[in-house]
Amino acid sequence: MCGIVGMVGNQPVNQDIYDALLLLQHRGQDSTGMATAEEGGHLHLFRARGMVRESFRTRDMRSLTGTAGLGHVRYVTRGAATNEQESQPFYVNSPYGITLVHNGNLTNTRELTAEMRHRDRRHLNTSSDTELLLNVLAHELQSTTGPDDLGPDGIFDAVTATMGRIEGAYAVISLIAHHGLLAFRDPNGIRPLVLGRRRPTAADGSPAVDGHDEWVVASESLVLENADYETVREVAPGEAVFITNDGVLHSRQCSTDARLEPCSFEYVYLARPDSVMNGISVYDSRLRMGARLAATIAEHVPTDDVDVVMPIPDSARPAAMEVARVLDLPYREGFFKNRYVGRTFIMPGQAVRKKSVRQKLNAMSTEFAGKHVLLIDDSIVRGTTSYEIIAMARAAGARKVSFASAAPPIRHPHVYGINIPDRRELIAADRSVPEVCEALGADHLVYQKVEDLEGAILDGQTDTRLDGLDMSCFDGRYVTGTVTEEYLGWVRDNQTS
Amino acid sequence: MCGIVGMVGNQPVNQDIYDALLLLQHRGQDSTGMATAEEGGHLHLFRARGMVRESFRTRDMRSLTGTAGLGHVRYVTRGAATNEQESQPFYVNSPYGITLVHNGNLTNTRELTAEMRHRDRRHLNTSSDTELLLNVLAHELQSTTGPDDLGPDGIFDAVTATMGRIEGAYAVISLIAHHGLLAFRDPNGIRPLVLGRRRPTAADGSPAVDGHDEWVVASESLVLENADYETVREVAPGEAVFITNDGVLHSRQCSTDARLEPCSFEYVYLARPDSVMNGISVYDSRLRMGARLAATIAEHVPTDDVDVVMPIPDSARPAAMEVARVLDLPYREGFFKNRYVGRTFIMPGQAVRKKSVRQKLNAMSTEFAGKHVLLIDDSIVRGTTSYEIIAMARAAGARKVSFASAAPPIRHPHVYGINIPDRRELIAADRSVPEVCEALGADHLVYQKVEDLEGAILDGQTDTRLDGLDMSCFDGRYVTGTVTEEYLGWVRDNQTS
Amino acid sequence: MCGIVGMVGNQPVNQDIYDALLLLQHRGQDSTGMATAEEGGHLHLFRARGMVRESFRTRDMRSLTGTAGLGHVRYVTRGAATNEQESQPFYVNSPYGITLVHNGNLTNTRELTAEMRHRDRRHLNTSSDTELLLNVLAHELQSTTGPDDLGPDGIFDAVTATMGRIEGAYAVISLIAHHGLLAFRDPNGIRPLVLGRRRPTAADGSPAVDGHDEWVVASESLVLENADYETVREVAPGEAVFITNDGVLHSRQCSTDARLEPCSFEYVYLARPDSVMNGISVYDSRLRMGARLAATIAEHVPTDDVDVVMPIPDSARPAAMEVARVLDLPYREGFFKNRYVGRTFIMPGQAVRKKSVRQKLNAMSTEFAGKHVLLIDDSIVRGTTSYEIIAMARAAGARKVSFASAAPPIRHPHVYGINIPDRRELIAADRSVPEVCEALGADHLVYQKVEDLEGAILDGQTDTRLDGLDMSCFDGRYVTGTVTEEYLGWVRDNQTS
Amino acid sequence: MCGIVGMVGNQPVNQDIYDALLLLQHRGQDSTGMATAEEGGHLHLFRARGMVRESFRTRDMRSLTGTAGLGHVRYVTRGAATNEQESQPFYVNSPYGITLVHNGNLTNTRELTAEMRHRDRRHLNTSSDTELLLNVLAHELQSTTGPDDLGPDGIFDAVTATMGRIEGAYAVISLIAHHGLLAFRDPNGIRPLVLGRRRPTAADGSPAVDGHDEWVVASESLVLENADYETVREVAPGEAVFITNDGVLHSRQCSTDARLEPCSFEYVYLARPDSVMNGISVYDSRLRMGARLAATIAEHVPTDDVDVVMPIPDSARPAAMEVARVLDLPYREGFFKNRYVGRTFIMPGQAVRKKSVRQKLNAMSTEFAGKHVLLIDDSIVRGTTSYEIIAMARAAGARKVSFASAAPPIRHPHVYGINIPDRRELIAADRSVPEVCEALGADHLVYQKVEDLEGAILDGQTDTRLDGLDMSCFDGRYVTGTVTEEYLGWVRDNQTS
């Protein structure tokens, strides 16, 4: 999982990108990075492990000069490897000088890697698909444009060629030195990317008389709202936008086969509730998930016996509130979330204590003693957390524990940029709902129906019409069409981000 | 504001104290520190600026060996001065080797400072009242005990003498090298301190056959609960407890005039809801604040016209839920709290942008459009945040904005360890409620009544009977009796922590 | 000034390169860097400000895996700008993945920079001539070789093309991922580069039965000697050598107009005395400089009146010993060199104290009192140090101070990689020898004759025959032929490294 | 081995102390520290591992405010333990606030440690004898002076009492908060301490009209000379000097049994040649050592056969020059000393290569080929280095290698602050000179005679008359009289610094 942002402004953008990265921090907390471009062409890069607040020092920010820039946060998916070298942004100096960030996941990395070394003679120094994507783009920019005449047309030709070579999910932002900021989104629009504009601002952030329009592209709309950009629109599936350093926007549809089928998991869990994505309010979609889930709960749980509805904080809160409202049950927060999570240090000669969900959640016994509690979570992946939560509720005195998931059973890997692992680790992969219920130790277990999740999201459509949703982890249908069992097996054995 | 913890165990305590500090992080995020004592007498200290997660590195933890220890987190109250030298724990090597942490605030620092230099000939290298407190204790230990016979009696004599010299609020934990862990609480029990015990544990945290009982003292009970300690009791007002390195507990009442009058602000805002303090559940007390507040709201706000009740997250949530329940109004969370707050960097030649409450909260327009919203916050101090929140609600489309505070008007400084500043900065200091309402731009403003706050807290009493509550910031009556107008003026001009 | 080293071994080379960089530290103390290549193609880079000992931490070394590698130390020439981004090695990922270090200076950077951006479409992110050189080489490798067939021939073609485009002095070492280590030297052989080989070594440095020959290229021969490499030969002017990852050496003469005219300043000052450069022992050449200088001194100084000969430590020691021997005068060391030189800190509100030569040298009065001292230094550049030294000698009680320089008057800038500045700063640029003598406050001043310096060096020739020496800073004749007055003016105004 | 400095000035002293520590760096390179005192009484401490240049950052220096201060450099003697907590200066806050640095070694630490804990009830957090010394002084200051009347008399009484309790070698500098700077030297004057004064200086270091005299005490006189202090005198054996913050000097002889018997090893090896110690020029004493050694050499070596005299750089240079002059033999420097010594990194899975003397010295073959070389070193301790040097000389082509030591055979441990180890490690402890010669592989071996070393030093006496020299490591006679075989055995088993 990653969050990305890019900006072209009248003033230095480093602080604004930093602020945007803080707002996207929920999309990735393992590493972060920023790149800026100066008018004169110099690119400045900074990458670090850890969260935004911990990573950027004043001296780093001082070096990030320039009025165009981009930023990145990410979760690291593979084992221990929090390698700084694999952090984004990536950079190549030929052609032009290009730096790039990416949210998503390419599904034909094996083929591209082979081409890259032997055909394109470009060096890959990591196993990151982002480095690969950057080099495909660089190669196509080098091939499709001649010396000195790089303009929007040449750039869009190269993006078109790039889209012809890469498969999977991708939202991309890139700076081309001396030229401007390029952004594009995969032909299925799986990962989000929204475009915003504001009137010129002065150095203190106030409106300015002089200067060009300022632009932002970002994973989530709250970045725009927070910095007083108006939302222009989503970058369309298969579309590329190019913004020159002096604030002129160009765009082209670069795919002949674009469909808007965004990732449903953004609505279920990943996006912040105060974002609007593809025209659909995330918060509202979660309320609707709650309303539909309530109906299903009513079919399976004796709600008369239920004393209280409780969310697993934070992401299940809207759905739980709506479940309580629809079922006319009291809503209470019986779990308190520990905000400050630390490390377990390895001390010479000391045994390591096992960390449990209790370090993340605490149960307030007042709300549990003698009650039948109905717990609402956004989804159930491995089931280990749900199991511990149910045990905590019982330990806090609950008479009965019912559990409901605002998402359907997760039965398939997610290959489009969300780390849902190996099928063998998914509790629902090979279990019926009653079997999962038993495994979790719940009195009742209710899952959202697949069609209800779809409906809860799509009911929020506004001007933007969706062609579908990527529901692959629920139904096994991968919208890009080229995801085979053989590929899923390879991914399982060679976890990529 | 500070959080403190101390432990005597069978195994090295560094990881446990680290975990406890994470749980107390909400009590102070500017600096942290730890000290441990080895059997052989060596004391190890570590102090750093910043939050716990950012501060402790493996090599720091490795140096913190020993089976007894203490820890500290704190907010820094004075201007820019986040001075590492002023971080706790403090240490003196004479007599015995003593390290100490403190939550609270002494109100006779001027008198003590003069005595210290000229009479006791002890050097104060900071203006911290904790350094002062440590040196008073050290002096009394040196004066009241002879060579080589330091036992519980000598220690308690010294604490008695110390309590005779210092005034204010204090919960103190201290390690005396070669001897053990000492903790004591001021005669009014203003600041909290709770005592826990568990059976011997092995290196991996599991129960052990061998070893003595393990002890903990901490600002809040959730530290005990989280690490499987049973709550023994609160340390009583004026009481000192001394735990030897081999786990034997001694205690004595060291004050002839002890009364339990704890700080009401712990219940209003500071403590975590899942703590039980002086026998009263913080969470439950906040629910009762909501219930009582609801009644007052009903007197002043046309609740028929109200569409929704909303908390200002996080601390107002329980009160708001109960307000909604009592008034039978929908409960919704229209504000989303940004968890990741960063810095504003000073760049050469760049103007600094003003940070506003919008960096901390985002309004979700769905919940506001066309509605009369009733916002519940825990309290109103300066009013600047409330003013911005109300403006945000209107900007998000609210038809009317009513605002209610679960605490009464704050009209006086807090001198017992909570940073409620200079009276001139308090919005309610010299304003009537209608005037505050107008200043905040609300349609209606409701404050909790003083007697209702008191009742909401005291109704939760269990075995422990309180003699009163410190409500000084609401009613101007300071329980220690020696806080004069002249003193408040001096504090205003010489802000101490 | 820079020092460079490259190695292809059977074992990881990081420690060996580190040790080599320590031996080359005298050639540059402002920044350092290392790159290594793994068999699998991964390149690892590390760059830091400061000296070798201060820069490399264990974790940096751990990341520098691979059996081929290169390293760099350098002096920064431009004002305050010790920019980490400008540190070597530089890296490009297209084609192949190339990392490169360079000792020397290009004299047609203006032309190359223009070509690079507009014709070759490669991004330069710094103003370093090394980044430029790397990109010219990368472009030629991309242009002259097709996909997948990169072998020695293709590489040598690209080097030939590169030499056709770049002018100046350069000794270059480069790693090409998946292929091997490339090194080449400018057609005039201005900067040194020596090639060594040793039998396979095991992980502990001892000889091994298995494995290929191990190779090293380095600025100075002492690197070879210290690590038990035998000297194969100098890399010839205009020659390129390419060593595959499995230890096979290829070489080609890439220039049609190669002449060996090395920089005389290596012998005068820069190289370590225990190095042999172009077949000539640096130490022996300095002895001969002393012998010839002695003859000239005898012409100009009443040596009967001289009491003692003293070197300015450390580099003038051999020449001074030989002057003493030839003139049959006592040799003594009256100056003690402070090895540990620190910084002047800028404190708020404190004036900065002027640093003087006294922080580097101390005079021992015993050796000066009442004596006529004959001081020998290797050269005189600005004259400020010499002036202070003479004053120190007088303050220490010298009766008379004669001063002799083992190098002739420096009257012209050095544009081939040694930082001899702007002509206006050279004390001898527009002054006669008597005028310099007066400016320095010496009683007598003797300079080496230009032909004597040349003879002192060339007399040491062994098998290798030199075609001349670069003596440009003494005689103004620049061996590359294209250094014009206009160029020197531009350099003066745009100091490059 | 340590170096110490203290200053009382009119301006902030941090930069001056930093500069002084650089000049004393040869006395200790493992850790360094500084403390300063402000007029208002605040003490600022900084301690770090490593060399001065690497340790102090601007922010550290900024915190070291005040016009009085002290500094320290030291070698760490015990195994791996470079513990920051054991770095000097040490600090106690009771009484008064005292910080202290120490050069030397106490020989009754066992007795003092026991008293400290049980009688004086003071905590020792390290096993450093400096912490012990500070606490003895603190205890005596507390015992012998009453509240508020601390003046020179009280201080000198406390020093007198301290001298009555401690045994061994010590030169001490201490800051007493609010009062001033105290310095004293052991009754045998074993370790050096020199006192200097200068006229008031302004912030930029230039002379000032206003202000009091400025004072310095330091291990070596070159600190004074370098910063334009005039040498007032040595602090006398058993004397204490106390300088108030406003520059008034007080002094008293605190021992009834003072004798000046300084450590001969300062002259042999430790001190810088440009220092004058106890009125004797170190440089001159080394010349005299050379002259006397020459005579002994002439007795034992066929000097007609010797081709050249060479020093082992750097400390043997003066003696070697004088040997050459007296024997009328050519003087040459055949060994080049590597100035930049680094680390051997422990890499996972890589064998560690053995470091040898070749990393410190390089032999220039020109000077060795076919010659009989006479090598001069300052002393021979373990013999391992000498053995390797002789082998290097032979490998470089020497026909014969004679070796001479400017110091006599070292046969006994040094317990007064120089790390000459366990007798079992001393090559000469149980060997005759011919046996050592054979063990080293030399053709001839000559040691200075004990009486010649003594004479070489004492011949340099000026106004100051010495009562003797500490020659204990040569002759086994320990000037403090209480060093027994039992004690030496305990030291061997519990190496202290």
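Going in written order, the chains are labelled A, B, C and D, and every chain counts its residues from 1.
Methods note: a residue touches a chain if its C-beta (ideal position, glycine included) is under 8 Å from a C-beta of that chain, and two chains touch if they have at least 3 such contacts.
Bear in mind that the values here come from a model prediction, so they are computed numbers and not experimental data.
*Asks:* Spelling it out: a chain qualifies if it touches chain A and also touches chain C; which chains qualify?
*Replies:* Touching chain A as well as chain C, we find no chain at all.
*Asks:* For chain D, which other chain has the most distant CA centre?
*Replies:* A
*Asks:* When the C-alpha atoms of chain A and chain D are each averaged to a single point, how far apart are the two points in Å?
*Replies:* Using C-alpha averages as centres, the distance is 62 Å.
*Asks:* CA centre of chain C versus CA centre of chain D: separation in Å?
*Replies:* Those two chain centres are 37 Å apart.
*Asks:* Would you give the residues of chain C that are in contact with at least 2 other chains, written as numbers and ranges?
*Replies:* none
*Asks:* Could you list each pair of chains that touch, in label order?
*Replies:* Pairwise, the chains that meet the contact rule are A-B, A-C, B-D, C-D.
*Asks:* Over in the complex, which chain A residues touch chain C? Could you list them?
*Replies:* Within the complex, chain A contacts chain C at residues 41-43, 92-98, 117-125, 135, 138-139, 142, 147-148, 150, 177-178.
*Asks:* Under the touch definition given earlier, write down the residues of chain A that touch chain B in their complex.
*Replies:* The touching residues are 11-12, 14-15, 18-19, 22-23, 25-26, 51-54, 56, 58, 61-62, 202-205, 222, 225-226, 272-274, 281, 283-284, 287, 317-318, 321, 325, 330-333, 336, 338-348, 350-354, 358-359, 362-364, 366-367.
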